[in-house]
Amino acid sequence: MSPRARVWLKWALGAAALIALPLVVRDRYFLHLVVTAGIFVLLASSWNLLAGYAGQLNLGHAAFYGIGAYTSAILATKLGITPWLGLLAGGLMAALFGLMLGVPALRLSGPYLAITTIGFSEILRLVAMNWVELTRGSLGLYGIPPFTPIKLGSWLEIEFRSEIGAYYLLLVLVCVSLAFFRRLTVSEFGLSLKSLREDEIGAASIGINISGYKLAVFTISAFFAGLAGAFFAHYQRLVSPDTLSLGETFAILTMTMLGGLGTLVGPVLGAVLLTFLSEGLRFVEDMVKLDVRMIIYGVLLIVTIRFMRGGIVGLWNSLRSAGRTKD
Amino acid sequence: MELLRTENLTRYFGGLCAVNDVDFELASGEIVGLIGPNGAGKTTLINLLSGVYPPSRGTIVFKGKEISRLKAYQVNSLGIARTFQVVRVFKKLTVVDNVMAAVVDRRRMGPWGLVARSILGRGEPAEAQDRDEAERLLEFVGLSAYRNELAENLPYALSKRLEIARALATQPVLLLLDEPSSGLNPSELNDQIEIIRQINRQGVTILIIEHVMKVIMDISQRLIVLHYGQKIAEGSPQEVYRNPQVVEAYLGAETDAEH
Amino acid sequence: MESLFLQQALNGIIVGSVYSLIAIGLTMVFGVMRISNFAHGDFSMLGAYAAVFVLGIYPGWLGWVGSILAAAAVVGVIGLLSERVLFRPLLDRWTDIDIIMVSIGLFLLLENLAQLLFGATPRMIQDPFAGASLNLGLFSTSVLRLFCLAFSCIVIALLQLFLSRTRLGVAIRATSQNRFAALLMGVDTAMVYALTFSVGVALAGVGGVLYGTLFAVFPTMGAMPTLKAFAVTIMGGMGSIRGAIFGGFILGIAETLGGNYISMHYKNAIGFIIIILVLLIRPSGLFGRREGA
């Protein structure tokens, strides 16, 4: 078999497996986990675009997620706007906030940017808690409609109330987003991002418009987090200020670091692994009645950076190259 | 023909005047050496010319256009490229990607233009001619063998060469070299001189800061001497080295260093 | 009206002195080691728990003073350990992102381990003065709160003495100014790092006892002092001790007055709004050195 055909076969098998998954495993709880993992894939990958490729440490990513969720939820519950438009609106609103957060990032870096982004997300969380007329405060918005069914002629109707429908919708979103991220990062745009991550003054000296790229990447990253948020709103059908909490951001960054910062596969791996791992820990939590998940996240973060730089992907690459030199 | 001119160029850092009322001209096609004792303001001058920060006072005119308020990337896109005293290569990128990164923005599509291109394009990371050009530049500075190494693994002398290749990839009219020869051994020095000469032969004007006398005397047609931020002398290397003020500045600096 | 204003200002000064104390530790660690420690406030939390236990055994004001010493000792030792195990191996080779990630990891670990060990129920640090209060005409306050104010001022003054009068203190300041030059001058930087980190978090620990006295003690209480300390430090210029002292008082007063006259709900946002403004207008902080010159 030619290498090209082999690649195609790999992709086809992968696609078939993903499409067949909900038809084979019919367990609703399992599908719910897969959907949760998918949302985290979107969040971690979009965070990685900022932190891993452009070197911009954003510790307020959950704010974009929350903005997407609240925007779409409010549009649907207060104005009766269809979730399909809400999905787009959620992404765009988050992108707008991303552009806004990009402005301080033009002048700040490292810890200064980190603390500013935390401030941004904490302020938004306080707004979500306290602007009761709009958000119902800490009660959260409930009764959010699910995505409306799509009718294809008179004989086929796809509905999204169930986990299966949501799964397929999210599959499409995730695949399109990842394809976009891939194109973006291997392209000349990606090369410019990486060079400004490595050295801003050096990048400017070869004609790279640093401010322009920073604003662009903040906007794009926020858009996808907002998209994930809007999807979540119509899937969970409940949005509360917890969506914007620092805990969410910390989960996102642990996933990315564990999988491999600055790689395309890393955040996907990390998101799926940690979603299932924390679910596996549920029974332990029920026993000791507390959040073991966060202890594990803390340990994983520390261990990854101390002993496994580059995360799982980095480990895999170094094992492979070690194997090669032995041959 | 005049390529660049500065008038009353001045830069303060707090109370310290690093560059003080400096006027000079560069003509197309020249190689001009910028010398002076440590702390004379040479690097600050290059930072001003390349737009790292704006002057506190005074103007820079390049090809008849005032550029003193432009940002670094804009200055570069007008045709001024530079290297750095302490190298600023992109450490975690390969050698060839370091040069490719400089080719990218020559098309001036801007970030959003490139985003659109990456979606609409065929997914090719770069056009073949850009790759060829990057390869040609690596060949020129003698780094082809290292093309796939990470830049952080290059020895210091070679990372300085990489910076030259990267600067050339932006197709400059004027190249500012900040101590390109520091830390080179004698044979590397000869290669370096040859490279600078060849760049100049292709029509690129060069302003070079250098402490290695051999390089300065070999290649510069003209020298500009800075001392405590002020221009104290200008002229052919022979003239400058006979100038009592210059001798004073250097000897004075040496006696200072002995304390 | 006027007396309410004065009353609030006094409350602000009391809270602000505690913010200063905690922020000084953060700014020292940043100035000397370039570590932005997002687990800083969790050392305050540990200090506060140390006090709860000591006061459980020895109540009264002697116990309260003893608990502060205990907090400093316990937290200092834990700080020494975490510097050695977590941060020192990172300092030369790793990036800003890595160091911040490790400190976030430490934050998650400490906060949740505390939950495991101490339970989620808030504890109170007993008032050794049994709620005695002092009426000074224009305003009144509890003896305990005045004690807190006095105590943090004393610790800050002692620290200043240590930094300016002792060899070790001078070594710390020298390293903060220029790590490389200090090394050349024969300063044992490894020792200075260990000492700075341990003293820095011990200050957070002592501040934690006072913070816990003013508010309450619970496992997740650390996040607030961390964020406040960052706000203060950025306001004053990261690495500047003088900036941290002033910044703490400014934040304390701004929060109490803002919470009173603008909105109680957004009290905790005031710090962030201030730092975003400061960063936009003067990125190096009010007392910071400008870099790059």
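By written order: A, B and C. Residues from 1 in each chain.
FYI, a contact is a pair of C-beta atoms (placed from the backbone, for glycine too) under 8 Å apart; a residue touches a chain by one contact, two chains touch by 3 or more.
Bear in mind the structure is a predicted one, so any value in this text is a computation, not a measurement.
J.: Return the chains shared as contacts by subunit B and subunit C, ordered by label.
T.: Correct list: A.
J.: Which chain maximises the distance between its CA centroid and that of subunit C?
T.: B
J.: Centroid from C-alpha atoms only, then distance subunit B to subunit C, rounded to Å. What do you get?
T.: Each chain reduced to its C-alpha mean, subunit B and subunit C end up 46 Å apart.
J.: Determine the centre-to-centre distance between subunit A and subunit C, using the mean Cα coordinates as centres, and give it in whole Å.
T.: 33
J.: If you average the CA atoms of subunit A and of subunit B, how far apart do the two points sit, in angstrom?
T.: Roughly 42 Å separates the two chain centres.
J.: Send over the residues of subunit B in touch with two or more other chains.
T.: none
J.: If I count partner chains per residue in subunit A, which residues reach a count of at least 2?
T.: none
J.: What residues of subunit B sit close enough to touch subunit A in their complex?
T.: It is residues 50-52, 71-73, 76-77, 81-82, 84, 88-93, 97-98, 100-102, 104-106, 110-112, 114-115, 117-119, 121, 123, 125-126, 166-167, 169-170 of subunit B that touch subunit A.
J.: Along subunit A, where are the residues that touch subunit C in the complex?
T.: Contact set of subunit A toward subunit C: 51, 55, 57, 104, 107-112, 114-116, 118-120, 122-123, 126, 129-130, 246, 250, 253-254, 257, 261, 288, 290-292, 294-295, 297-302, 305-306, 309.
J.: Would you pull the subunit A residues touching subunit B in the complex into a rising list?
T.: Within the complex, subunit A contacts subunit B at residues 180, 183-184, 186-192, 194-195, 198-199, 201-210, 212-213, 215-217, 220.
J.: Provide the residue numbers of subunit C that touch subunit A in the complex, in ascending order.
T.: 30, 36, 38, 86, 89-90, 94, 96-98, 100-102, 104-113, 115-116, 120, 223, 227, 230-231, 234, 238, 263, 265-266, 268-269, 271-273, 275-276, 279-280, 283
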